[in-house]
Every structure is written in structure tokens, then in C-alpha cells.
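In what follows, structures are represented as C-alpha cells.
Shared chain: chain A. Partners: chain B in the first complex, chain C in the second.
On to the complex of A and B.
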């Protein structure tokens, strides 16, 4: 399978600050690749390079088999971008925003209402965007990003700061896009979201790409599997964690189950954040 | 295979979007019609004729007849001088002081003026001068009173005043350097019309600057550039939007003030060139400013020098070299000549050429700087 996106040895500096240092990765059709990293890790700079807004100092980018540049309308017509900043036309309505962008893509018979319905904005279609809440604006941003049914979708912190309902709506939309075959590059510092959505995750820190793999593989490779048992006797409650890798783990679990004190048993697996800290030596806190 | 929008379709889409945004901006939607109406009202309340006659009040009134006889006889020398007689010296003083401005100068002669002149006793003469008459004019009046005394003396004696002088009067021949506008002076209304047109054009530059700075401040320009729209489409659209806004306003103004009664083709070309300059100023101001106040600040910095040639129309004499080097000088001169004096292509052509060169330079600079700004967002 030809990758939708192939980035090789990308570097970019803002003056003396090396924002991205020689990173390489690929993205396949229908795949969601989660770019995990704290603020300032180089995620947004990478997206700007890939979408042609920045020219890399070194390296090459091939999108849909074509070399990426800002002067390649054929590539631009097949990608969608949802920026972290809500760069919408505030004096125009939601419908007008979408119709305007549909004209830039040369879309015939574009149905803005259908798209607005998908992002739960149908009843606010004729309101100016300046009157939208943060969540509504973000959902409109998402609608704008998929207006042209892109083959490659770039999402920069799409659910950052959103309420749970808006976040879930956007996550569902991201999955739908991947299911129809779009390659999705998702940057986030929300490890839970990355774990839930991503087929593979990439750990980026201080401009360096540390690892790219599936969340399961990373957990198998770096995580410590364990079982947490909660025990209660009279008024006393205590917890015991049993490492599954330990030689006597099986016997100890049997012993506890046979006792009458077991209240709950939970399997514990390493989170992506644990693994990120282990690999990069730094947390994902913003 | 997906269809990719043509460059023209993309540019048109951006222009329509800009015009829609402009129509939603409450500030400009209030400011634009108000300023247009204000300019039209200013134009309409200004006088549409030029009075080339100086009115002189004279007491006593019977001497006014002698003055008039003198004027009728020496039409060439006293052309443009009108005499009004007053029966009372106080009335004359009141007319100069409180009148409508028609009589700025009054001469009150003693009742026995001619007798005292003939007897050589030299009685005193009161000259009433309005406060608005400059000092130089007052001195000239003193000389004038002496001349009048001679003339009255001669007229009273039934002789030609010019032949009764003790010396032979040299033959004066006025040589007008430049164009003699006597009898066809440009009314104030027509002189101010080019100023108002330039002002309207430059005000619309601020409207475009607002649209540009919002695209930069909200980074919507970035959203455009990751679509098939190119930076060139964005810049062209902004230029077209600015030109449409500026042309529409100035067109409406000239329509309301009869500007198209002159050579409409030259007037249209001048508006187009002015609108192009306005667009360049708008794009430069929008590129420089980071917010509304910043845009207004930079806009004013550009607009004030460009208004100077227009303001210089109001003052007599040839503008200084510095003024003639300003980008709007050619445009102002051409507008002034065409809209004020009804001149044609021969007069306007060199100014049009200069303005085209300035437009190319200013628009080129605006495109270069705005491109850099947008692509570095």
C-alpha cells in the first residue's frame, strides 16, 4: 500500500530554536496517527510543514504521491486541515463560512446544511460565528476541514478545551473520516484521546520523534502489566498490586481469590503517558 | 478526478466574501454613507459662482455718481469695481461692519470734499475697512483714495481725470503669466471637488485596511492558503475589493455633484487610478497594523501626505517641489484640471502617466509586503 503521507528527515528552525529535528514517518490511507507531545514539542510546526505553510529546512514531504508545496492546488484540493486556532470569519454565518470554502474547492452542489447537521450546528446555521461558543466554533472548524472529503486530514488539537459532548462529537467524526479511507494525522497532548482514536501514535518531544508504534505494542513493550486487588476486613480496607511478570504472581492471585476479603480486582496496564514519560523523560503536561 | 477551482473563480469568491464582510461591519456601514452625504452637502453649500467685482461703499451718495461716471468712462482701468452710495456715514460704517461681506471697504468723504480739494485745504477722509481685509490691501486703499481725489477733482471740473495729472501717465499693460482666468474663475465648489474625491478614495483605503488586518489578526488568511487558493489570488482579491469600494464611493459622489458632466471618460480613468492607489494604501496599512488602532495609525500616516497635494489646490501659486513629488500630485492636478476647469486629455495625459507609474510602484510594494506577511503567519 502506498502511504498517503511520507515525511522524510524534516527539520525546521525558528531562528536559533530548532523546532523540528530530522523527523521521518508515514501515514497510510484509513489510518489515524496520533502525534503526542507537550506544548512546544514541534507538532504544529510539523503540520505547517506538511500542509505547505512552512518550507522545511531539510527533508521532503510526499502527499498522495506528489511533492508538497504551497503552489500545488491539486494536493491542496485533497487535504483538510483543522487548526488549533479558530480562524473562522466571525462576521459571517456558519453556513456562509462553509459555502465560501466550498467555492474555493470548486465544489458543485455543495450542501452546507448536511454538513452542519453532522456537527450539530444545523439550528445555528444562520447565526454569525461571532455568536458561537468555543465548542461550536471548533465543530465548525471540523466541518470546514472535511468540506472537500479530504484524502488526508490534519487535525491540530481538535478537542482542546472542549466540553465532553463536543469532544465526543468530534471524535466520532474523526473515526468516520478514517473509516471512509482518509488518512488522519492527529496532534494532541491528550494521551487518553490519542489512545482511544489512534491506530498508531508518535511521541514527539523537543522536536525529536522518539517512537512510532501502535498503542498496544508500546504498552506491551514498555508498560508493566499488573493486577490491583482491593481487600476489606471489618473496617479496614487495603490495596495490593501484583506485578504479572513476577514468578509467584499466579499463586498470589489464587491465594487472594480464595480468601474472603476480596472486594474488587482490576487489571492495570500502563497508560501512554506513563510510556511517554519513560521514553522521553518528560510528561505531557501543558 | 476532482475539479480544481479556476483562479478567477477563487478570486471572485474571495472578493464576494470581502464585500459581505464589509457590509457586516457596523462601523463602516455607518461611516461610509455618512461621510458620503457629508461630502455631498459640503459641495452643495459652497458657492457655485465667483464674484470678480469689488464693491466700494461711498458717502456721500452724490459722489458715488461721480465715481460711477468715472468707472463708465474708464472701463478698462476700473473693470470689476462697483460703487454703492450711502446717505449716511454711519450706515456706511454699519454696512462694512455688519453687512453680508459684500462691502468690505467704504470711503466717507466730507460733504465739502470737492470744494476743499479745489481750494487745496485737504480735508480728512475716513476709510472703513473690514477686519478681514489684509494689511496690504489697506495700504493700497490709501493710494486709491488719493487717486480718487484726483479723479473726482477732474470729473467735477468736467475734465478727463487722466489728462489732468501734472505728469504724463505711463501706459500700463498687464501681462498675465500663465493662464488668464479673468472672467472664468473656478468657483470654490468646483475647486473643492477634487479634494473631496481624493478624501473619499483615501477613506475607503481605511476600510480595506480593516479587512486585510482582520485576515491577518484572525489568521483566516492561513485557512485560505491551505485550500486551492494561492497567495496571489488572495492579494488580487484584496486589490479588487479595495478598488470596488473606492470606485463606488467616488462614483456616487461625482454622480451626485455633476462630476460626470465633464469628460466622463477621463473622470472614470482618474477614479480608477485613484482607487488603485487607495487599494495600495489600504493593503499597506492593513499589513502594517496589528489591530484596528494600529491599522488606523498606519493608515493616517499614509493618508496625510497623500492629501497634501489636494489641499494645495486651495492656495494660489505653484506647489513646491516636495508636493509635486508626492504620489497623489498627478492625480490631484488632473482631477483639478478636468473637474474644475473642464480640461481634456492633452492636459490630463502626463498626469495620468505619472499616476499609473505611482500606482504600479505602490501596488507592487503592497503586494510584496502583504505576501511576506501572509506567508509568514
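On to the complex of A and C.
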């Protein structure tokens, strides 16, 4: 399968500050790749390079088999971008915003109402965007990003600061896009969201790409692989951790279960955040 | 660059335009400026002579004065009302014509004619009205005037009325405000709201954006300039020359607008640029208002090369062949300024995303 996106050895510096340092990765059709990293890790700079807003200092980007460069309408007609900043036309209505962008893509018979319905904005279609809440604006941004049924979708912190209902709507839309075959590059520092949505995750820190793999593989590789058993009687509660790698782990678990004192059993699976910290030596909440 | 994308951008701008105070101002500006010009320079500095008449009979003088163009005549119901008119400076001069006055004149009785005048009225207006009344009286007595006065406009610039002299200044104002403001403001607005970034990840290119802003600015400027000229009665019999001049001026101003728009990151910087640099653009106007100033200095300003042709066409009736050389220079300046937009647009794009 030819990848939708192939980035090779990308670097970019803002003056003396190296924002992205020689990163390489690929993204397949129908795949969601979560780009994880704290603020300043280089996630947005990478997206700007891939979408043609910035020219990389080094490296190359192939999108849908074409080399990405500045002002490349052919490629840009097949991508969708949802920025973190809410850059909508505030003096236009929601419907006008979508229709305006549909004309820029040269879409004929575009149905703005259908798309507005998908993002739960049908009843506010004729209100100016300046009157929309943050969540409504973000949903409209998402609608705008998929207006052209993009083959590659770039989402920069799409659910950042949203209420749970808006977040869920957007997550469902992201899954739908991947299911119809779009390659999705999602940047976030929400570990739970990345785990929930991504087929693979990439850890980025200080402009360097540390690892790209599936969440399950990472958990297997870096997780503790242990079971914590809570045992108790009327007066006394105690915990016992059993390393699954130990030779007698199975026998010990069986023994405990047979003892009738077991209150709870938990797998001690590592979170993506634990793994990120372990790999990069840095947390994500900065 | 794609015509379809440029047109889509323009249609979006037009939709937004009527919700933008700047665009609304541009649309009403020719009317406001013309109104102000008429009030300030015509009504205050060059007002028509005003006469108020109390005519207790039906004097031929009143009827003759009513037929005279260029004066404003009002009638009072009685002497007291006439005096009130004069005291309130609603007329420069008041005239009381008693019943039987005309007959007395024709009988050679030399009746007395009483004038009232306001202290606040212009002496020149009082003289004009007095002479007019004397002319009418002479006609009544069938006495021919000893001389025939023919009014001609002088060729010297000093003899052109100030209100007309200001027409090129008003057009320049329209050119600057519409030609520079519209593209500059629209570009800066796209940057400030982040929408330019959103446009650049669609098939739209920077050239599409710049061209759409320039084209919209160009069309609006040309239309607004012609409206201004029409409102001020300055559409001369040289439509080709006038169109060429406005087009050349608009190209220069639009290019300056694009330079401002690409340089300024936000509205505050844009206003600073406009405030500090536009005085230089309006510089040549001084040389037409104060004709004693050496004209060669005006040639330093880029705007001179279309303002001077505009002045020659609207006020002196010059034709295209007389102004084409200067217009060619203006066009060259416009093209050079457009070329300067290219590196600035690259810088803008870089700064926009960094």
C-alpha cells in the first residue's frame, strides 16, 4: 500500500531554535496517527510543513504521491486542515463560511446543510459565527476541514478545551473520516484521546521523533505487565503485585483466587503518558 | 493563479464588505466629501449674494431680479419681517419697494429706494446686488448701459475658484482611501483573524489572495473616483484621458495598498504606516493650492504623475496626448511597486505561520 503521506528527514528552525529535527514518518490511507508531545514539541510546525505553509529547511514531503511545496493547489485540493486557532470568518454565518470554502475548492452542488447537521449546527446555520460558542466554532472548523472529503486530514488539537459533548461529536467524525479511507494526522496532548482514536502514535519532544508504534505495542513494550491483587478479611486489607514475567505467576494468581480472600484484581497496564515519560523523560502537561 | 478562485475570493469579500465599516465608509465617502466641499468652499467662502425684498405692489424690479441667475432672492411680508431677515444675516441686502414705485420711476419722479444691509454680509455681495438693482432700474427707464460687461475665466491658475482647484485633491483622497485602504485593510483583516492561514491550506495561493484584493480595490476605486468627479461636475469632455488617469492612479494606489497590507501584521501597524506615509502621498496637492511653490519639488512624489494629469484634464481641459507621458511614468511606478509586493508577500507568508 502506498502511504498517503511520507515525510523524510524533516527539519525546521525558527532562527536559532531548532523546532523540528530530522523527523521521518509515514501515514497510510484510513489510518489515524496521533502525534503526541507537550507544547513546543514541534507538532504544529510539522503540520505547517506538511500542509505547505512552511518550507522545511531539510527533508522532503510526499503527499498522495506528489511532492509537497508552497502553493501547490493540486495537493491542497485533496487535504483538509483543522487548526487549533479558530480562524473562521466571524462576520459570515456558519452556512456562508462553508459555502465560501466550498467555492474555493470548486465544489459543485455542495450541501452545506448536510454538513452542518453532522456537526450539530443545523439550527444555527444562519447565525453569524461571532455569536457561536467555542465548541460550536470548533465543530464548524471540523466541518470546514472535511468539506472536500479530503484524502489526508490534519487536525491540530481538535478537541482542546471543548466540552465532553462537542469532543465526542468530533471524535466520532474523525473515526468516520478514517473509516471512509482518509489518512488522519492528529496532534494532541490528550493521552486518553490519542489512545482512544489512534491506530499508531508518534512521540515528539523538543523537535525529535522518539517512537512511532501502535498504542498496544508500546504498552506491551514499555508497560509493567503485572497484576495487582487486593486481598482482605473483615479487619485486614492487603495488596499483592505479581509480575507476569515471573515463572510462578500463573500458579500464584490461581492460589490467591482459590483463597477466597480476593477483593479485586487489576492489570497494571502502563498509560501512554507513563510510556511517554519513560521514553522522553518529560511529561505532556507543559 | 486561477480566475475561478480569484472570483470566489472577491465574492466572499463582497459579502463581508457590506458588514465592514471601512468598506461602508469608502462607499459613502465621495458623497460626504463633496457635501463638505460644497458647504465649506462654496456656501461659506463663495456664497451667492442674497437679497430680501418687501414689495407692497407688483414691481417689475422684483420680477426682473427673480429672473437673474446666481443670486438668492427671498420675499418678506412686511418691513418688519425684512428687517428681521437682515438682522439675522439671512440676506445680504434688503430692499423695500413701495406700491407705485415703478410708475414713479417711469414718470421721472426719482423716488427714494431704501436698502437695508446686514453687517455680517459680504461687501462684494452688497455691491453685486446694488449694481444689479441699478441695471434693472436702467432697463425700466429704457436707458442703455454705457458698457457691456463680459465675464471670462482667466487662464492663470490663480483665477480658478478654490472649490474647483480642490477637485483633484478630493479625487486623490478617494484614490488614497479607496485604492490604498481597501486592499491593505482586507489583507490585514485576513491576517488578524487567521483566515489567511485557512485560505492557504485550500487550493488558493498567495497570488490569488493578493490579486483578488487588488482587483476589488481597483474596481471600487475607479467607480468611486468617477462618482466623485460626477458629483463635483468635473467629468470633462475627455473621457479617455480621464479614464487613463484614474486607472494609472488606481494602479499606483492599489500597489501601495498591497505593500502596506503585506507589511503590516495588524490594524494598528497599518494605521501607523498610513498616518506616517500618506502625508507624503498627498504632498503634490500643496503645489496646486499654493501655486507659488516650485513645481519641480512635486515631481518627487509618486502621486504627482497622475495628480498633475488629473488637474490638467479636469481644470484645464487637457486631452490624452498632453498627459500620456506623465501617465506612462505613473504606470511604470505602479508596476515597480507591484514588483516590490512579491518579496513582501513571501515575507508575509513566512511571518504568518511562524
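Operating definition for what follows: the second predicted complex is superposed on the first by the 282 of 286 C-alpha atoms of A that agree within 3 Å, B and C clash if a C-alpha of one lies under 4 Å from a C-alpha of the other, contacts with A are read in each partner's own complex, and residues count from 1 in each chain.
Assume a contact is a pair of C-beta atoms (placed from the backbone, for glycine too) under 8 Å apart; a residue touches a chain by one contact, two chains touch by 3 or more.
Everything quoted here is computed from the prediction, not taken from an experiment.
Q: Overlay done on chain A, so just call it for chain B and chain C: clash or fit.
A: Partners clash after overlay.
Q: Applying the touch criterion given at the start, work out whether A:103 contacts chain B, chain C, both or neither, answering first, second, both or neither.
A: After superposing on A, A:103 lies in contact with both chain B and chain C.
Q: Between chain B and chain C, whom does A:71 touch in the aligned arrangement: first, second, both, or neither?
A: Both partners.
Q: Once the structures are superposed on A, label A:210 by its partner contacts, choosing first (chain B), second (chain C), both or neither.
A: Neither partner.
Q: Quick one: classify A:14 as touching chain B (first), chain C (second), both or neither.
A: second
Q: Hey, which part of chain B ends up inside chain C in the overlay, 9-17, 117-125, 135-143 or 153-161?
A: 9-17
Q: Enumerate the residues of chain A that count as touching chain B in its complex and touching chain C in the other.
A: 51-53, 70-71, 73-74, 76-77, 79, 81, 83, 85, 87-92, 96, 100-101, 103-106, 144.
Q: Show me the residue ranges of chain A that touch chain C in the complex, using the header's touch definition.
A: 14, 48, 51-54, 70-71, 73-74, 76-77, 79, 81, 83, 85-92, 96, 100-101, 103-106, 144
Q: Contact residues on chain C for chain A in the complex?
A: Residues 2, 4-5, 8-9, 11-12, 15-16, 19-20, 193-195, 197-207, 349-350, 352-354 of chain C touch chain A in their complex.
Q: Taking the touch rule as given, give the residues of chain B at its contact with chain A in the complex, in rising order.
A: Residues 2-6, 9-10, 13-14, 17, 20-21, 24-25, 218-220, 222-231, 375, 377.
Q: Applying the document's contact rule, which stretches of chain A touch chain B when the two form their complex?
A: Touch list, chain A to chain B: 51-53, 70-71, 73-74, 76-79, 81, 83, 85, 87-92, 96, 100-101, 103-106, 108, 128, 144, 148.
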